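The structures considered in this document are given below.
There are two complexes below, and they share chain A, which is joined by chain B in the first and by chain C in the second.
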Partner chain A sequence: MIRRVGYHVAMSVVSFLWVAPILWVIVISFRSFDDVAANGLGSLPHSFTFSTYKSAWEDADEFRALINSLLVTIPAVLLSLGLASIAAYGLARYNLPFRRTILLLMLMGNLLPPQILLIPISRFVELIGYYDTLIALIAVHVGFGLGFYTFVLHGFMRDLPREIQEAATIDGAGPGKIYSAVILPLTRPALAALGALSFTWIFNDLLWSITVIRSGEKMPVTPALLGLQGLFVSSWNVIAAGTVIAAVPTVAVFLRFQKHFVGGLAIGAVK
Partner chain B sequence: MFWPALQGFWLALTNWDGLSAPRFVGFGNFGDMVSDPIFRTALKNTAIWLVLFGGLSVIGGFGMALLLQRERRGVGIYRAALFTPVVFSLVVTALIWRVFYQPDGLVDTVFRSVGLGNFVRPWLADPDTALYAVIVPALWRQIGYVMVLYLAGLKAVDPALYEAAKVDGASAWQRTRYVTIPQLKGVNSVVLSVIVIDSLRSFDIVWSMTRGGPYHSSELLSTYMYSTAFQSTQLGYASAIAVVIFVLALAVILGYLIRAFREES
Partner chain C sequence: MTGLAADRRTFLKGLGVLGAATLVPGCATSTKSPGSGSAPTGQVSLQSNLSSEQAKAAMEKLVATYNKTGGSQVKLNTVAAEIFRTQLPTYLTSSNPPDVYTWYAGSVADSYAKKDLLLDVSSVWDSMGNYSKAMQTLSTSSAGQKIFVPTSYYWWGMFYRKSNFAKWGVTPPKTWAEFVAVCKTIQSKGIPPIGIGLGDTPWVASAWFDYLNIRINGAPFHRQLLAGQGDFTDPKVKAVFTKWREVLPYFDPKGKSFPFQEATSALLAGKTGMFLIGTFFADSAPKDALDDIDFFQFPIIDPAVPVAEEAPTDGYFASKKAADPDGVKKFLTWLATPEAQNIYVQSSSGTAIPANPDGKSADTALVKKGKAMIEGAAELTQFFNRDSSDALQPTADAALTKFLDKPDQIDQILKTWQTAAQKVFKA
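Our next item is the complex of A and B:
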């Protein structure tokens, strides 16, 4: 009994310490500038204001940055999962030659440190005239995610029973029809998991955004947040508000897809 | 995907400023590294990063997974709390912690209130502490991630093994040491690869907190590579640094795979 109470007390303390930084930043984001200036960032709040959010949203134009982020993230997620599911379908359900090699190459591409690709890709994007466009960023994310998503979906599709496909073939369905009407619906849990994961990965990206995009008005919200620091030097309450705004979409996706999300991270571990 | 990678390797052998044509210099770039003090700092910091960030997140994540593996009341909340930082971007994480490290921020206040006021310093602006001040938030975010991986691994361990060990009179510590850890071999290799790759490409958090400064004291290979490439546009030299990162990642992963392979046969 005492051990159990001790366990819960200790774990509650650890959990609280873990989320405390987040709570503290939320508190700061509602403090007025005068309050912060007079009492310091380490003190308890003496004021309550929404003006910090207004500054971050309007003056720093986080609204536009969020739109940019969504314009990149949503097409990139849909496109890469769509292509990956087609590739995985082909590799898992048909006896294509070299399928193991293809799969391994795809996975290896994912293990490459991105640094080795930074310069060639930024030059290539410049060469074809897509430097500083959101399209280039989408393409980079699709290219980067494809290998891993194909690998995971392949593992998932391979475990579906053969009989389903045979039955559908007997009923006169072609490969396209089997893919869209049989395999895809059965793969939904894996797709949901990967969708939630890739959403946060792409949304949270910094390195590729600052490599491929230059102009401020095209920056997604993650790199734009860094610019906020330059704009509101030492207005930490506004920066805190901007940080909260930038964190909301991924937290929303996480809460909505919590089970899939954690499951998705685990897929890789058990495989 | 592989074509640009090959191009990267080729560029590493050239001297290129991005304007004129690349000039072939063989292994000259790698020779320059040896005498480049910033490169040496970055290499040393990357090693520190690998050991501290990698080691502590495995220990912390594994420990937390052991504590939270049994389904009982409240465990879901504790898991969620530890996992929350994982969904934040590293930039968000960095800014949250920058707020903390500000002069008169929470860190300073806490230090003063427990009588350690003498230790208070500009954490991120002091070359002695900058690197470690960046590792803490990186760990804060990584431990929850590693915990989830281990939780999935622990779930797959056959409970009958524990029962058998218990009947044989094994203590909790012995059960962990001789049943759990050997059973987790598969997960270990995944976690190790994830950690090594994450450490070597750690860029966001350092870039958002210190940009490798002050005086390159928190420079990692990845941040040094980025600033060489896109701020001082020495593209050839930057590619050579990227090759070093690549080789290090490959060496650690291959080394581990070979060892795991030997043990099996």
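Our next item is the complex of A and C:
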């Protein structure tokens, strides 16, 4: 009994530590600028205002930034998962020559630190005339996600029973039909988990958006938040409010796919 | 599926080759020579790093006013200051760069001119005869071309709250001895006399180095040192730190943990006595505290050294590849006028001073005092990074932060600094 109580007390403290920074951001987002300036960021709130949310929404044009973010994130997630599942299907279900090498090569691309590729990518995108477009950003995200998603889906598809595919073959289904009617529905848990993960990754990306996009009005929400910071002085309360708004889509996706998250992280980890 | 991996592999390889190809010859390969090839588009793009609410609004107003005058239309594009800083080299070297950029005068602009990326704006300067000599020097590249159009500047000073100084019974010091005496008095009241904020903003410490150096060794020595013509192990540099050590016990010990914006709050709340900072800090002060803020000039140490002050100058430069150089120059000429600068100064935070001597600065006692101090200075410097380069700044941050922690190791610190600086200068 005492051990149980002790466990819960200790875990409550740990989870509070975990949540505290988020709570802190939320508290700051409701404070006025003069309050923050006079009492410092760390002090208890002396004011309460909603105007921070209004200025984040209007002055920072967060609505447009959120739309941009979704315009990039949703196609990028669908496209990369679609392509990755086709690749994983071929690699996992057929005895293609060099399939291990192919898989390792794809994964190797993911091991490269993205920073090395910043300049080549920005030059390449410029060369093919897609610099400063959302299409370029989608392409970059698809390219970078593909290796890892294929690897994870490959691990999942490999473990599906052989007999199902054989039964489908006997019933006269070709590779395309087997993929769409048999394998893909069975891969749904993995796709849901990866979908949620990749949504978060792509939505939260900052590096690639500032590399391939130059116009303020095309920037997704993360660089737009950065834009709330001034050259020297930043209105932390407005930034906090903007951050809270920007977190809504990812939190919504997380809540919707919550149960897949833990399962998804373990996919491919266990043989 | 074999194709995919092969594609990816060749794709990566191709990227590498492309990257190398575009990097090595710089911009030369894909450049259209200025003015030729494309006809004037009538549109000028302005890339701005002034992303804070007030400054952005001021820029929008400025551009809207210009567009009403007719001629070329300017399209303002504001990106976050941090993104702008890191992406500026990419913007300038891209094949279709923005035309006009907000940036800083002096060697930071000159470093791009040396790479032949900036438009020669000498013709714009024909209409800027009334600008001070210092402004002209700052806007001239090492090749002797005018490459920059300054529009405003601000100043640094030792800021304090008038009411607190009155409460503690101290008056603004003029000399170093008086300054140390003021520190002693404030400390005796249990308040850390000198505020500083180095967490996240370690560059704030460079203001102390700059000021001590220009007070002890003079501005010419300071400039040479930052340009790589001096040596940080020079005994004259060590003298700067010996002087600094005299007041080190008066620094706020908490200052290492928070950024300067928090240090501003500490000053305003009376938790520190004085704060060596640029006027931009006023943006982070509550409106009701502003009337109570005053500053004094960094104390004079050696009366024989001509008085120099830090006056960081902001303005614009343009890309050499601008599609419509005449439109760009017309816009820059307009930006140099007192009318344009008044619009900006009035709509922004109000502590900036127009670069055009005929421009009207904000009509507050604080700004008048600052302007008088700058105009009375025999020499002007800007700030550590602006007088050297953004690459040298981190070496200063490392050395100065270390010095504040372990002032005994000064010889070792200066040696390390010199080694680090040499690497930057050779690069």
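In this text, the second predicted complex is superposed on the first by the 251 of 271 C-alpha atoms of A that agree within 3 Å, B and C clash if a C-alpha of one lies under 4 Å from a C-alpha of the other, contacts with A are read in each partner's own complex, and residues count from 1 in each chain.
Methods note: contacts are C-beta pairs under 8 Å (C-beta built on N, C-alpha and C of every residue); 3 or more make two chains touch, one makes a residue touch a chain.
Computed from a prediction, not measured in an experiment: that's the story for all the values here.
Using the contact criterion defined above for the overlaid structures, shared-chain residue A:Ile22 touches chain B, although it does not reach chain C. In the superposition on chain A, A:Leu105 makes contact with both chain B and chain C. Using the contact criterion defined above for the overlaid structures, shared-chain residue A:Gly40 touches chain B and also reaches chain C. When the two complexes are overlaid on their common chain A, residue A:Arg214 makes contact with chain C while staying clear of chain B. Once the two complexes are overlaid on the shared chain, A:Gly90 sits against chain C while remaining clear of chain B.
When the two structures are aligned on the shared chain, A:Leu226 is found in touch with chain B and with chain C.
In the overlay built on the shared chain, the residue A:Ile178 is in contact with neither chain B nor chain C. By the touch criterion stated above, A:Ile119 is placed in contact with chain B and with chain C alike. Comparing the two interfaces of chain A, the one with chain B and the one with chain C have residues 40-42, 105, 109, 112, 117, 119-124, 143, 147, 211, 223, 226, 229, 236 in common. Contact residues on chain C toward chain A in their complex (touch as defined above): 1-2, 4-5, 8-9, 11-12, 14-16, 18-19, 22-23, 47, 49-53, 55-56, 77-83, 86-87, 90-91, 94-96, 98, 258, 260-262, 264-266, 268-269, 278, 280-281, 283-289. Interface of chain B with chain A (complex): residues 1-2, 4-5, 7-9, 11, 18, 67-68, 74, 77-78, 80-85, 87-92, 95-100, 102, 104-110, 140, 144-145, 148-153, 156, 186-187, 190-191, 193, 197, 200-201, 203-204, 207-208, 221-222, 225-226, 229-230, 235, 238-239, 241-243, 245-246, 249, 253. Within the complex formed with chain B, the residues of chain A that make contact are 7-8, 11-12, 14-16, 18-19, 21-22, 24-25, 28, 40-43, 105, 109, 111-124, 143, 147, 200, 203-207, 211, 222-223, 225-226, 229, 236, 239-240, 242-243, 246-247, 250-251, 253-254, 258, 261-262, 265-266, 268-270. If you check the complex, the residues on chain A that touch chain C are 33-34, 36-42, 55, 59, 87, 90-91, 96-99, 101-102, 105-106, 109, 112, 117, 119-124, 126-127, 131, 143, 146-147, 210-211, 214-217, 219, 223-224, 226-236, 238.
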